[in-house]
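These are the structures in question, set out in turn.
In what comes next, chain A is part of two complexes: it sits with chain B in the first one and with chain C in the second one.
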Partner chain A sequence: MASTIIFYCLAAIILICALLAVTTKRIMRAATYLLFVLFGTAGLYFLMGYTFLGAVQVMVYAGGVVVLYIFALMLTGRKDVKDNEKASIAKKMAAVCASLGAAAILLFVMLTHKFINDGGLLSAPAEPTGEQATSITQIGQMMVDAGHNGYLLPFEAVSVLLLACIVGGLLIARKR
Partner chain B sequence: MNISIYCFLIVSALMLAIGIYGFLTRRNTLAILISVELILNAADLNFAAFNRLLFPAGQEGYFFTLFSVAISAAETAIAIAVMINIYRNLKNNFVENLDSMKW
Partner chain C sequence: MYNFKIVTDWFHSLLTGVMPEWLAIGIECLIVLLFIILLYATLAIVLIYMERKVCAFFQCRIGPNRVGKWGLLQVFADVFKMLTKEIIKMRQSDRLLHDLAPYFVLVASFLTFACLPWHEGVQILDFNIGVFFFIAVSGIGVVGILLAGWASRSKYPIIGAMRSGAQLVSYELSIGMTMLTMIILCGTMQLSEIVNQQAELGWNIFRGHIPAVLAFLIYMVAGNAECNRGPFDLPEAESELTAGYHTEYSGMGFGFFYLAEYLNLFICAAMAATIFFGGWAPLHIVGLDGFNAVMDYIPGFVWFFGKTFFIVFLLMWIRWTFPRLRIDQLLSLEWKYLMPISMINIVLMALVVTLGLTL
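Up next is the complex of A and B:
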């Protein structure tokens, strides 16, 4: 019962803050609302029992990406150029139609589809037990395992990607 | 307590729709990037929910979300480097000014 209430609170926070993040006039506020959306999503991961994933979400997204946004906003903000975020009515209507159409199609497909074991209920205890449990030790071993259950190749690919990202970011943003 | 997978799917579908709306109406490139983050976040939530509620014995969705978070952090860093470079050249960040690839 308690988890149901927590779920609905988190869902309301996520949706309201997401709506505010795309409609607010000031970009700094949009970044702040994005932070709350990311915290809410981390809360949903914690609710599912994926504690490590929630911690990664908080550290990388809320701690890294949003700080990067704030710094970029402060670097590119100018007093004399105001945040002229007003789109024309026709453009807004078209965007509303596009997003509502996308939502309608997605919800129709998802809600009419018959999932295995009736969609499954997230039942108490929220922490997966037994062989379903994903401990930190298990995650670490799977991350560097080259066998059937291992994720060594994507792990190394991500490390190369991050190195390329560092070099590319320095190359693009440096002063000439 | 019983939270169906449909609840998670509705939340992520609405988050995706809101992200699409922001992507289409915003003019500042940083605000567009914020909308892209919303869309990516909705996809991540879907992966985790499918893994936890439909295949709790597997770990595929879990690791996909983990790698997706890392990749979106890299994407954000590169995109912000590009935007700072654009700002240095054009003195603002609005998409309607980005109509040529010339220096």
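Up next is the complex of A and C:
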């Protein structure tokens, strides 16, 4: 019961903030609303008992991505105070295509996925079970496991990607 | 030692006896919220008074001594003054974000505050990823500071916010690294487990000897920078930037930043006490059984507050002793010295733990 109430509160926050993020005219406000959406998602993870995933969500998105956005917006000028310029037709078309594509993919995944608690849209979500949640020890061992279900290769691939980013950043920032 | 969990369990069963569980949990959440807010406000008042007195004594002054005995009511008077101040609205600012920004800083501070283990069984948030959650939610504060600077639409707040953002993001790395060092020693991220372990085996700073002391020193420097306190108080360097990112705030908007700053000092010190000095765990010396028995009679929260306020005093001592750094010195201190040292320290700690050299 309690988790159902909290779930609907979080869902409402996520939906409203997502709508506000795309309808607001000011870009910094959009970044802030996006942050609330990401917090709501983290809240959903905590509700399901995936504390690690929730903390990663807060750390990576609140501490990383949104701070990066805000830094970039602060550094790239303040033209956005009253941004009334009309978007060109090509931009509008691209926006419509992107949103339609994203909607199609999301609907496809949602309609074909077999949800465990399949009692229609208005049924209560499953109660959180703390014991079933993956422990940090398991996650750590899977991350460096080269065996059948291990994640060593993707883990190393991501670190190569990060290294490439660092080298690229140094190349841009280097003083000649 | 008395485990406080008996009391909370008794209260929970009392409530669930007369009402459904979700209502009982709701009421318990409200009580916990009230408890946090009260403790938060009380500690802020104590810390502000302590800061003013300690600062005064370091500068050979007397400090507040007119309002009440030894100036004890000075902070209350300041709070009332702040509550009655006019809230200034600026034409060019983004009102929504301007009003919202202090709450980000405050929420980050509240969430980290809730992670602290006060006593055996007295802990509000206790996950199996406690330390990681602590680091993650402390990152929310940066967003608030950046938004405060941006939404004020004035040059000093923007410079202050940029400096603060760069400083907080950099020094978070050192905090994370030193905490990782201690997690290697403990083998767990759960804060209650970390303290329980230290109550049994001795404080981490003795168990981990050289790497633990190194980690503690790095943590003190980085923690001081995370709290935006001198010698790292560049974001609000009053002689250059008037007040940094909160220049344009008046009344309680400024009050919230001020409150969060002092509580962050407390949280930083309390975390140091928890992961290095054993939280509520009493001091035990191997071989002196009589001494250990006497130490066990002192309740855990007294130990916790004693250690925390000792570290708070150390941080204040540093603040009022050293002159302010320049921004490039500040960033090179982190990236060229503290980061490499803490990385080597992690390897050292891993070696110490795997070779079984812990005390």
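In this section, the second predicted complex is superposed on the first by the 115 of 176 C-alpha atoms of A that agree within 3 Å, B and C clash if a C-alpha of one lies under 4 Å from a C-alpha of the other, contacts with A are read in each partner's own complex, and residues count from 1 in each chain.
Rule of thumb we're sticking to: a contact is a pair of C-beta atoms (placed from the backbone, for glycine too) under 8 Å apart; a residue touches a chain by one contact, two chains touch by 3 or more.
Only a predicted model underlies this, so the values are computations on that prediction, with no experimental measurement involved.
Trainee: Is A:S135 touching the first partner chain B, the second partner chain C, both, or neither of them?
Mentor: Touch status of A:S135: second partner only.
Trainee: Please indicate which partner A:R29 is in contact with in the superposed arrangement: first for chain B, second for chain C, both, or neither.
Mentor: The second partner, chain C, only.
Trainee: Given the touch rule stated above, what does A:V144 touch, chain B (first), chain C (second), both, or neither?
Mentor: neither
Trainee: Comparing chain C with chain B, which touches more residues belonging to chain A?
Mentor: Touching more residues of chain A than the other partner does is B.
Trainee: Identify the partner contact of A:M93: answer first if only chain B is touched, second if only chain C is, both if each is, neither if none is.
Mentor: It touches nothing on chain B or chain C.
Trainee: Contacts for A:L44 in the overlay, against chain B (first) and chain C (second): which applies, first, second, both or neither?
Mentor: The first partner, chain B, only.
Trainee: Is A:V56 contacted by the first partner chain B, the second partner chain C, both or neither?
Mentor: Both partners, chain B and chain C.
Trainee: Check the residue A:I70 against both partner chains and state whether it touches chain B (first), chain C (second), both, or neither.
Mentor: second
Trainee: Can A:A2 be said to touch chain B (first), chain C (second), both, or neither?
Mentor: In the superposed model, A:A2 contacts both chain B and chain C.
Trainee: Kindly list the residues of chain A that each of chain B and chain C touches, one partner per complex.
Mentor: Touching chain B in the first complex and chain C in the second, residues 1-2, 56, 64, 73, 78, 81 of chain A appear in both lists.
Trainee: Would you mind writing out the residues of chain C in touch with chain A in their complex?
Mentor: 20-22, 25-26, 92, 94, 96-97, 100, 127-129, 132-133, 135-137, 139-140, 142-143, 146-147, 149-151, 153, 158, 161-162, 165, 169, 172, 189
Trainee: What residues of chain A sit close enough to touch chain B in their complex?
Mentor: So the residues of chain A in touch with chain B come to 1-4, 7, 11, 14-15, 18-19, 21-23, 27, 30-31, 34, 37-38, 41, 44-45, 47-50, 53, 56-57, 60-61, 64-65, 68-69, 72-73, 75-76, 78, 81, 83-85, 87, 91-92, 94-96, 98-100, 102-103, 106-107, 110-111, 115-117, 119-124, 128, 131-132, 134, 142-143, 149, 151, 154, 158, 161-162, 165, 168-170, 172-173.
Trainee: Show me the residue ranges of chain A that touch chain C in the complex, using the header's touch definition.
Mentor: Going by the criterion above, the answer is residues 1-2, 5, 26, 28-29, 32, 35, 51-52, 55-56, 58-59, 62-64, 66-67, 70-71, 73-74, 78, 81, 135-136.
Trainee: Give every residue of chain B touching chain A within the complex, in rising order.
Mentor: Residues 1-11, 13-22, 24-28, 30-31, 33-35, 37-38, 41, 44-45, 48-49, 52-54, 56-57, 59, 62-63, 65-67, 69-74, 76-78, 80-85, 87, 91-94 of chain B touch chain A in their complex.
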